[in-house]
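Mind having a look at this structure? Questions to follow.
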Amino acid sequence: MGQVSLTIRQTRDALLVVAAGMIASEGILSEADRAIGDGDHGVGMARGFTAVEKKLAENEFSSLSELFITVGTALMMSIGGASGAIFGTLFREGARNLPANEFTSTALSIFLNDGLIAVQKRGKANPGDKTMLDALFPAAKSAAALIEYPLDVGLPQVVAAAEVGMEATKNMVASMGRAKTLGERSLGYPDPGAISMLLILRFLNEAAQAK
Amino acid sequence: MPNSKKFFNDLSSIVDETLDGLARASNGKLRLLDSHRAVIVSAMPDHKVGLLIGGGSGHEPLFAGYVGKNLADAAVAGNIFAAPTPDIIVEATQAIDKGAGVLYLYGNYAGDNMNFDIAAEMASEMNILIKTVRIWDDVASAALDHITDRRGIAGDLFVVKVAGGAAALLGSLDEVYRVASKARDNTRSIGVAAAAGTFPETGKPTFELPDDEMEIGMGLHGEPGVSRSKMMTADAVANDMVSRILSDLPFQAGDEVCVLVNDLGSTSSAELLIIYRRVDQILHQRGLKIHDTLIGSYCTSQEMAGFSISLLKLDDELRKYYDLPVDSLALVKG
Amino acid sequence: MPNSKKFFNDLSSIVDETLDGLARASNGKLRLLDSHRAVIVSAMPDHKVGLLIGGGSGHEPLFAGYVGKNLADAAVAGNIFAAPTPDIIVEATQAIDKGAGVLYLYGNYAGDNMNFDIAAEMASEMNILIKTVRIWDDVASAALDHITDRRGIAGDLFVVKVAGGAAALLGSLDEVYRVASKARDNTRSIGVAAAAGTFPETGKPTFELPDDEMEIGMGLHGEPGVSRSKMMTADAVANDMVSRILSDLPFQAGDEVCVLVNDLGSTSSAELLIIYRRVDQILHQRGLKIHDTLIGSYCTSQEMAGFSISLLKLDDELRKYYDLPVDSLALVKG
Amino acid sequence: MGQVSLTIRQTRDALLVVAAGMIASEGILSEADRAIGDGDHGVGMARGFTAVEKKLAENEFSSLSELFITVGTALMMSIGGASGAIFGTLFREGARNLPANEFTSTALSIFLNDGLIAVQKRGKANPGDKTMLDALFPAAKSAAALIEYPLDVGLPQVVAAAEVGMEATKNMVASMGRAKTLGERSLGYPDPGAISMLLILRFLNEAAQAK
């Protein structure tokens, strides 16, 4: 049986599940980046979420916003590269308008939506450019449509939307980031950052369902 | 070559130990900041415009090898092939800001652009003046009408050399920015790879290439190039690469240029000299005047086999800054 | 890496084209002799003692990369891994003899010794004064009581630098010989290899080494070393190598030294700096004073993976010649 | 049917046979040098005897001495390395006291003996050091004992002596040249220069027998 919403502490624990999952995904993410980028995406995400684990263990959090900013800052100041800036921005800026205590479907939607706007502002990419936005954008749209549902009901559908988005990147020609000069040669391969975006949501869902 | 054939200690301390070694080798001329990810000149005059360079690691001696007299005042280092994080950039910015502001000079990659931009916003909040010049010298990485999509490769060195001279002699950030931008606009490069280097953390080669093939235009992280073919002779490769560079600016008879033939990792000095021989022949045929020649390992991609050719077109102003004596780990000129 | 991954034209013209490229890159400061196997300084003062260096090719930028101001006056180049022939040595000797005689300075290998000796006999018949200093810095290649059996490796560079300074300032061949001999006697080196380079003419690796092994003491042509083992960390390798060097001269607390960490072909600048970091730590622990540090590709063996460490112990006289500014393709000091 | 002695022109032709044979042996000689040296011996000998071919084609010779000096000088000025000095010296110095016109068993003995002395003086090696001397020394001794026989009878025995000497180098520890630092590890491998010395005599014999 899952959860209608998560407390700050439960959200922190769920983010620890996300961190562990991302660290364990290092190999597949680097492999995906090796196909169309420079092969370091998994190494970077693993480094970033190791920093997240440390910060989450060290600190107590009095608000969801503080929690998410901590995650985002840890990612931004440890990963480097495109994904450090992008995923750091997602969490830091997605945190600004979160409700204080309860991580609900509404909170999820705020997080993804504000994060999406900030990531687009930072990276100047659009959906269709074969980036993590292609998973984030449909996830954010889906979350916005599901704010009436309990978290454990809405979240699986948000994950499904991200997955469709990630799959769609296989048919896109990259026009941002390291993959952009690949042109047509990037066809057939998914975007590594889109896989990461999907996995973050998937691990979050797994944690929410397990409560 | 498998990863295990490299001489490292802990894989996670490669960057820190590299910079520590560099600071030690400087005999007191450079020092490390607290993060261990930034190297700065030990003595920096008041009111000087600061020149900050940097990017992902793995291209040694770029960037930290170009911190020194009449060159950069600081270099920041990201993890291998990953742009530095904003906190390190800010740390170095604060260390070299003497009130006249800091010029950020780095290769044009999505990760670098975003991280340096975030740092610039943070520095601005601290009332430090920041200007940014992104280097996009790699003619193979996008069409000329999309020049701001191009990558920065070994031509970085020319821009750093001119910008370093300008930062040493000019008092205003705007002026240094103007000269550095002009040097960037006058620089063109192209690379060729014959075999991949390995990414140390995974032990995997950065790309795959059949045993008898090469790729012109390959990027510093294994980004794809413009022409994959069977291995060609040194002269034939040089012909192809130089013609792509010359037509791009374009360089013309009477132009005065500096030439860099840069090893990407495991290409021998003999090969570089044989390549340079042909470059020199072509440039003379075309009526260009060669002001200075650099040949060696200036900007690498681990043990990649291959090289790049860069040209900087001079005018009187650029020549003045280019000709200043410099002293750093990887570039010395009397 | 297969031979086909190298950028050459005709295999039989590698050496000629390399030297041609070098002369072109010098912007008029160097010129080729008729054989195309010797490079000399374009302007050599009258009455100066000539300094002639050389050896087999394949170790670029050694030797020709060290012809220039306050360095060697000429370099002769044999075929790859083969000592130069006597006719070329004589040609270069005649070109740089200004009446004060010529010092031959080269690595101690059977082939070089015999060919330079034959040339010296021929030059003597032409009434040119010749003295010879053979460099035997590789501590791994024979016991100390058989020092004249040792090979010459990257420490060549230190001896050339001091001898170049002495030849520039001292008027007599005997004096230059004395100073160069002292520099040779004060120089110690050792190498380590992790993977072989390929001999261009046959496309074969110069030795075989299992995928996870390295060999300390390996020579520049794949000559066997003193200790084959599993790959070790950078610090552990440096510990082993430095201790073999320090005990050999021996170097002692209070000694002032120059340090060279030299890439043998495809070892990255980052690795060299990490190695140097440990060398620096050890030397400071032992109370040695580091006067100067060189890190880079100075003496290679094609794309061999590995590096060497060299130490030169200074005294007041050696420091004076070492410190002169130099300007050549591969070594510049302001 | 072989020859009791060779004229200058026949000797020149025989040396062309030697040159062609040595050029064709490039592979095995380099392979032998790769085992205990730097792998270039075959490349060097091939370069040297290509130069010899050129010089022999370009010039007329009025004495054996001139012919052998030409061969030695061509080797010395083209091979480089240890073998250029050594084999160059063998031919140049072995030429000094040759009879003017007739290459007989006596001439062969003079060539090998004078060459031996000069090579030892130049290289400071002794028989047993695992060098070409280990083929040259027994060949010279054998030739000295056979001066009474016709060339075509004596020469095969000189070749046989060189072969025994070359074989013996397999059991020697190198103490000269590049192989010397191999120490015990050079055991089991023949010396490449000794193989060359044997082959030169073998090809010379083949030419003499074919006349």
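Here the chain labels run A, B, C and D in written order, and each chain numbers its own residues starting at 1.
The working rule: a contact is a pair of C-beta atoms (placed from the backbone, for glycine too) under 8 Å apart; a residue touches a chain by one contact, two chains touch by 3 or more.
Keep in mind that this is a model prediction, so the values were computed, not measured.
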Which other chains touch chain A while also touching chain C?
B
Tell me, please, which chain's centre (mean of its C-alpha atoms) is farthest from the centre of chain D?
A
Per the C-alpha means, the centres of chain C and chain D lie apart by a whole-Å value of 32
Chain B to chain D: how many Å between their CA centres?
55
Based only on mean CA positions, could you tell me how far chain A sits from chain D in angstrom?
76
Between chain B and chain C, what distance separates the C-alpha centroids? Give it in angstrom.
29
Overlap residues in chain D, where contacts from two or more other chains coincide:
none
Residues of chain C that touch at least two other chains are none
Is the way these chains touch best called a line, a ring, a star, complete, or other?
line
Chain pairs that touch, all of them, please.
A-B, B-C, C-D
Using the touch rule from the top, collect the residues of chain A that touch chain B in their complex.
30, 34, 37-40, 42-44, 47, 76-86, 89, 122-123, 176-178, 180-183, 185
Sort out for me which residues of chain C touch chain B in the complex.
1-2, 4-9, 14-15, 17-22, 24-25, 27, 57-58, 60-61, 65, 194-195, 211-212, 214, 231, 233-235, 237, 263, 265-277, 280, 290, 292-293, 295-297, 300, 302-303, 305, 307, 325, 327, 329-330, 332-334
Residues on chain B engaged by chain A in the complex (per definition of touch):
56, 78-87, 109-111, 114-115, 117-118, 141-142, 149, 151, 199, 201-202, 204, 206, 219, 221-224
